[in-house]
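Structures for review follow.
One chain, subunit A, links the two complexes that follow: it is found with subunit B in the first and with subunit C in the second.
Then we have the complex of A and B:
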């Protein structure tokens, strides 16, 4: 995935490395969170067996799919809401600027 | 990325992986301890507790492996979806 389009100044070496490193860091973080959350929801905490039961395995698979879906949905919603709220604040700020003075 | 940049990245990744490994162990200890160890009438680990810890580690590692597979699949699907949206 390339972040750098035409017409912008070329990124420095350090910036490029940092960009890749950051993306990998985000992915690793997401992976860890998903594993932790899904283990908590799906895996029997009494550890009576050393193998994953079929039910647990299926639960983990479904959990990972839902985790990604939730992540995407929340991401989209936050973007949308932020835009809407900033627009509302921008319109309200002009009117509210006359307060108190 | 140039060859030199790749090498730099690789060095950083190795450092990060080591850190990651240590934190995996830390999490495992916390999780398995919390689930398995609840009896403090003795300071020695009982057979039950030892068995629980062993099973906990095995299960956690199996879970990690499975989650890694699912993550790679989901990540690919998400990247494809983002590309599709970008092209719209």
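Then we have the complex of A and C:
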């Protein structure tokens, strides 16, 4: 068993496939949520005509842009906290002192 | 999503056409007064020869209908452009856009007659726009 790099085991191909599947599920879920939330907020419920009015189209643009922004920010925050927690757990388990207080 | 420029242009053209028709209609109803030819004494139109009556009549109709067409075209383009712009800014599709655009258009049309006339024009045009919008947004009766 030889280790390349700093000793962390490389993910197997099954894990890689699982990771891609998870990301796809996340994207699909985000897409569904965004569609539901933004069309509830922006599209008039009386459906007087089939074409999007200019106000509705502008509203959908802004809603989806903000949704993406919020999603990206929260995702980054989650990533940051996860790596901090893992680093704290790894450091604490290996040494005795560490980052976790 | 149609762009505001396209909407403004289409409204201007439609207003021009409608104004032309309206002007032609109004011009055909204005021949009970004595008609002034350039420089000559006042002579009622019925005393001129047939062909001259026709040509004078058509020229007058053309001038009136062109001037009405220009006015209607300007009003239509201004109203449509302002309404589309306000709707784009607010990102909402309701009656407030038409009312605000009507106020702006009415004020612009009456700008030469002072601030009070502009306020009256604003109120009048906004009320007119609100009435038309309300009628168009009435829920259709289910058959």
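One rule holds for everything that comes next: the second predicted complex is superposed on the first by the 64 of 101 C-alpha atoms of A that agree within 3 Å, B and C clash if a C-alpha of one lies under 4 Å from a C-alpha of the other, contacts with A are read in each partner's own complex, and residues count from 1 in each chain.
We take it that contacts are C-beta pairs under 8 Å (C-beta built on N, C-alpha and C of every residue); 3 or more make two chains touch, one makes a residue touch a chain.
All values derive from a computational prediction rather than experimental measurement.
Colleague: Clash or fit: subunit B and subunit C on subunit A?
Modeller: Overlaying the two structures gives subunit B and subunit C room side by side.
Colleague: Examine A:58 and indicate which partner it touches, taking first as subunit B and second as subunit C; both and neither are also allowed.
Modeller: second
Colleague: Is A:48 in contact with subunit B, with subunit C, with both, or with neither (first, second, both, neither)?
Modeller: A:48 contacts both subunit B and subunit C.
Colleague: Which partner chains sit in contact with A:34 here, subunit B, subunit C, both or neither? Use first/second/both/neither.
Modeller: Touch status of A:34: first partner only.
Colleague: In the overlay, answer first, second, both or neither for which of subunit B and subunit C A:26 touches.
Modeller: neither
Colleague: With both complexes overlaid on chain A, does A:74 touch subunit B (first), subunit C (second), both or neither?
Modeller: Touch partners of A:74: none, neither subunit B nor subunit C.
Colleague: Spot which of subunit B and subunit C makes contact with more residues of subunit A, would you?
Modeller: So, of the two partners, B touches more residues of subunit A.
Colleague: Where does A:89 make contact in the superposed view: on subunit B (first), on subunit C (second), on both, or on neither?
Modeller: neither
Colleague: If you've got the overlay open, could you tell me the nearest Cα approach between subunit B and subunit C in whole angstrom?
Modeller: 5
Colleague: Which residues would you name on subunit A as touching subunit B in one complex and subunit C in the other?
Modeller: Overlap of subunit B and subunit C footprints on subunit A: residues 46, 48, 52, 57.
Colleague: Please give the residue numbers of subunit A that touch subunit C in the complex, ascending.
Modeller: 42, 44, 46, 48, 52-59, 62
Colleague: Residues of subunit B touching subunit A in their complex?
Modeller: Against subunit A, subunit B makes touches at 1-2, 4-5, 8-9, 12-13, 16, 20, 27, 31-32, 35-36, 52, 54-56, 58-60, 62-64, 66-68, 70-71, 74-75, 77-79, 81.
Colleague: So in the complex, which bits of subunit A are touching subunit B?
Modeller: Listed in rising order, the residues of subunit A that touch subunit B are 1, 13, 16-17, 20-21, 24-25, 27-28, 30-31, 34-36, 38-39, 43, 45-52, 57, 60-61, 64-65, 67-68, 72.
Colleague: Name, in rising order, each residue of subunit C that touches subunit A in their complex.
Modeller: 1-2, 4, 7, 84, 87-88, 90-94, 97, 137, 139
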